[in-house]
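Quick one: the structure is below, questions incoming.
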Amino acid sequence: MAVEIDEGMLVRVQQENFSIDQELERVRARSTRIGGIAMFLGTARDHSKGHDVSSMTFEHYEGMAQKKLKEIRERALQDFDIIEALVLHRYGPIEIGENIVLIIIGAEHRADAFKACQWCIDELKKITPIWKMEYTPQGDVWVEEHP
Amino acid sequence: MKVKLFGMLKTMVPGGKDLEVVLSEGGRVRDLVHSIQIEHPQVGELLDKKKVLVSVNQEIAHWETMLVESDEIALLPPFAGGAR
Amino acid sequence: MAVEIDEGMLVRVQQENFSIDQELERVRARSTRIGGIAMFLGTARDHSKGHDVSSMTFEHYEGMAQKKLKEIRERALQDFDIIEALVLHRYGPIEIGENIVLIIIGAEHRADAFKACQWCIDELKKITPIWKMEYTPQGDVWVEEHP
Amino acid sequence: MKVKLFGMLKTMVPGGKDLEVVLSEGGRVRDLVHSIQIEHPQVGELLDKKKVLVSVNQEIAHWETMLVESDEIALLPPFAGGAR
């Protein structure tokens, strides 16, 4: 009863926006054992470290970014008691309020789903070669998250 | 060999394009960094402070890593993906 | 610049299924300061405590259930550094794989969003008068979560 | 006064309907529980073990809470909302 899952769809770096309902379907499709789904959605804020932000652009290292997101999914599946994981990051210009990043974790129980979800987004920020430029009234700034 | 630049690094080199660095045979990341430091001191300083990492074939590399001509090299400023 | 928000839509007990994208819009609409959105979606598992489950039905105490969910939202807004919270639970017959419960928390930063989201679903299970009947091969069982 | 039943409690009383309990003036939750224990010992046992809570006007009540005729009373078995 193996369900056909396109693993490539579960780890993506893409320019287009995404629908959370649609991405959720990919995770639910994996198993009827899933009872708890934890999600994290990062969106573009109009404010950052005390200054206004009018919009932003994400740049990624094509190839390496996908590789790191794939690593994150695989380690999450290995290290946590979860059933499926989806990791998705956008690049290119993004307006205020728009989606940037999405993590979806399906597990039998919710505690595992939450733990894995938090780990994934923390790890993503640490190891994924993606950079953000913010457009502010003071000019355009490449953001250093860990200066 | 070509060295890919990302994010703020592009604003630090004339033209904002990838770098072209000549590396002698048997060269290591350390030698590559040294060449860059001479031609692009601003980038060199960030490398020195370990604010910018070097990747070889899409993995973070140590300064002792040996390089060959076909390696894919990139300089990676601090990552800022995700959301705060 | 106050955005018109129908608070009644942010706390609901309803029979119909829901779209996560649509519910998300209610939370995002609150503020462009939102940068991290944590969500929990509970779905109907086909397995429970070692036995198969073919479907389930939720019963709620009309009035009191809504009151408790409202309390949860208000305490979350008060006790955590978050911007908006949505709490939604279905009642009536629910098939395997379907949505049961949804929590959405919008915050400036993700750590606060995760903390509040976990607290809400834990608290919901403790104080909300909702009961589950599972249909199993061994017969119909009212589930006691805390026996 | 009427006492609402939920979940498994409905399967424990004939007809599976809400209970109708006569309460003397100045009665407390304790007295209501006592009346129920006499007529429905199975429900009474769960109340005794505190597996079933009593709510008065949609709030969980202590056994000393005073009741008036217009109060909305319900017996609440262990909750099982959400997902595991």
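In this document, chain identifiers A, B, C and D correspond to the written order of the chains, with residue numbering beginning at 1 in each.
Assume contacts are C-beta pairs under 8 Å (C-beta built on N, C-alpha and C of every residue); 3 or more make two chains touch, one makes a residue touch a chain.
Computed from a predicted model, the values in this text were never measured in an experiment.
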| item | value |
| --- | --- |
| Pair joined by the larger number of C-beta contacts - A-D, C-D | C-D |
| Averaged-CA centre spacing for the pair chain C and chain A, given as whole angstrom | 22 |
| Where chain B and chain C are represented by their mean Cα positions, the distance between them in whole Å | 48 |
| Length of the line joining the C-alpha centres of chain C and chain D, rounded to whole Å | 26 |
| Where chain D touches two or more other chains, by residue | 83-84 |
| Per-residue multi-chain contacts in chain C, two or more chains | 35-36, 42-45, 108, 110, 121 |
| Chain contact topology (line, ring, star, complete or other) | other |
| Which chain pairs touch, all of them | A-B, A-C, A-D, B-C, C-D |
| Interfacial residue positions of chain B with respect to chain C in the complex | 83-84 |
| Complex interface listing, chain C residues touching chain D | 42-45, 48, 58-61, 63-65, 67, 89, 100-101, 121, 124-133, 142-147 |
| Residue ranges of chain A touching chain D (in the complex, touch as defined) | 35-36, 108-110 |
| Touching residues (chain side chain C, partner chain A) in the complex | 19-21, 24, 28, 32-47, 96-97, 108, 110, 113-114, 117-118, 121 |
| Contact set on chain B toward chain A in their complex | 4, 6-8, 11, 51, 55, 58, 74, 76-84 |
